[in-house]
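This report refers to the structure that appears directly beneath it.
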Amino acid sequence: MPTFVFPGKYESLAKIAELVQIATREFGLDSCAAYGVETAVDEACSNIIEHAYGGENKGEIEFSYEITANSLIITLRDQGKKFKPKKIEKPKTNVPLKHRSDHGLGLYFIHQWMDEVYYDNREGYNILTLIKHKGAMS
Amino acid sequence: MPTFVFPGKYESLAKIAELVQIATREFGLDSCAAYGVETAVDEACSNIIEHAYGGENKGEIEFSYEITANSLIITLRDQGKKFKPKKIEKPKTNVPLKHRSDHGLGLYFIHQWMDEVYYDNREGYNILTLIKHKGAMS
Amino acid sequence: MEINHTEFKRCDVVKVSGRVDSATAPRLAEKLNEIMDAGRYRIVLDLQDLDFISSAGLRVLIGAQKSCKRYNRGEVVLANVQPNILSALDLAGFTPFFKIFDDTVSAVGNF
Amino acid sequence: MEINHTEFKRCDVVKVSGRVDSATAPRLAEKLNEIMDAGRYRIVLDLQDLDFISSAGLRVLIGAQKSCKRYNRGEVVLANVQPNILSALDLAGFTPFFKIFDDTVSAVGNF
């Protein structure tokens, strides 16, 4: 299970995306599913930088992935502020443009695009596990 | 020297153009020179229909071509009104749009695009010979 | 010859493909007249796929340009003019009468 | 991310290529603000070569749309939206807020 460590800054996102593309290709996802996984990881890493670390260059992001017969399992670890959301709200979409909030999409995207999402905190680490199954819809 | 006979109507122009394309390709002209020959033949045939025959479906157009080492020689024959222009005028181009005539381009195009142009009348036929040299400019 | 006409807010795009010669030029003239008769005088001619234009076709273009420019009510502009077509326009001395754009987006954006 | 901006008579076309994520979204916001600060609120975003957009990028789009539509002074429209990008917009519930055109010509012609 290869592990990669990136500095917690936004420039790392494109590099992490390249790894995700390698992993989804290796796993054999179609373009749309692969795009979803790329989005989920991007949103999760952005949140680590912005919310867990409270800004750029405060800590590292560890990225690793594992491919099993039926699953692509991506793990993200950080040493930022403990985080474990209780409930993911669907952003209210039935509101006119000017009242439409443009925040809160990140977690929603993560949960929509991935099949399983687990939050854990252990030994000073936040551990986020993102799982995509083969052949599952969306 | 293959000869082709077409009814003197505008629909024949596209078919004659296909033959011209075969001939210019066989002769080895570049796209621009080939386009010029196609134009010259089209203008000549349009004139035969419009001016020599005075309209569509009055007579035939005979098209033939010959390729020599250095020349593509196209011959057009019709049995319409005798025609042998004395002098080809360059259309006046230095005039404002609203005074600009939109006629008289045909003969000018023929003489510009071809290297040699001969008009002859023999045995009730108008015989137009259009010659393009290899490697000549325009 | 094929003609594809799209009406936009401020102009019409007419894509002319194939051959415009004495056989087909009347149909092009008809289409352009139909547009002008509807009071629309800002016309983009997209010549991307125009293979051939004879003097009969050039005549249609210059005729439409004269109508469109009358009373300053509009203009015919050209887009995607291929090299051979450009040399025909040039030889006819018609290039000064038309704005020529590299692509249809710029031509539409010009109106 | 690469940004290509062309100013036309009645609208601006902004072609955004590559990745719009938290690293690059601020540069896109800056470019759009610069256009709006010049009093130009009719913007076509050409997304033909956009490979990726995160929620940070979507935020920039919706922010620009809010500014442009204020006082009815204009609008952001999208062109050449690729399937993956469209599903992101869709999932965010943003598709109702943008006119989406098949190509840039139609988008420009809409203004």
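The chains carry the letters A, B, C and D, assigned in the order they are written, with residues numbered from 1 in each.
In this section, a residue touches a chain if its C-beta (ideal position, glycine included) is under 8 Å from a C-beta of that chain, and two chains touch if they have at least 3 such contacts.
In this text, all values refer to a predicted model and were calculated from it rather than measured experimentally.
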Apart from chain A, which chains still form joined groups through touching: one piece
Labels of chains that are neighbours to chain B and to chain D: C
Taking each chain's C-alpha mean as its centre, the one farthest from chain D: B
Separation of chain B from chain C, taking each centre as the mean of its C-alpha atoms, in whole Å: 25
Chain centre separation (chain C, chain D; CA means) in Å: 31
Inter-centroid spacing, chain C versus chain A (mean Cα positions, whole Å): 52
Separation of mean Cα positions, chain B and chain A [Å, integer]: 70
Chain A residues counted as touching two or more neighbouring chains: none
Sequence positions of chain D contacting 2 or more other chains: none
Chain-chain contacts as defined at top: A-D, B-C, C-D
Residues of chain A defined as touching chain D within the complex: 9-11, 13-14, 17, 31-32, 35-36, 38-39, 42-43, 46, 49-50, 91, 93, 97-98, 100, 102-103, 105-106, 108-109, 112
Interface residues, chain D side, partner chain C - complex: 6, 8-11, 13, 104-106, 108-111
Residue ranges of chain C in contact with chain B within the complex: 19, 21-23, 52, 54-56, 58-59, 62-63, 65-66, 69, 83-84, 87-88, 91-93, 97
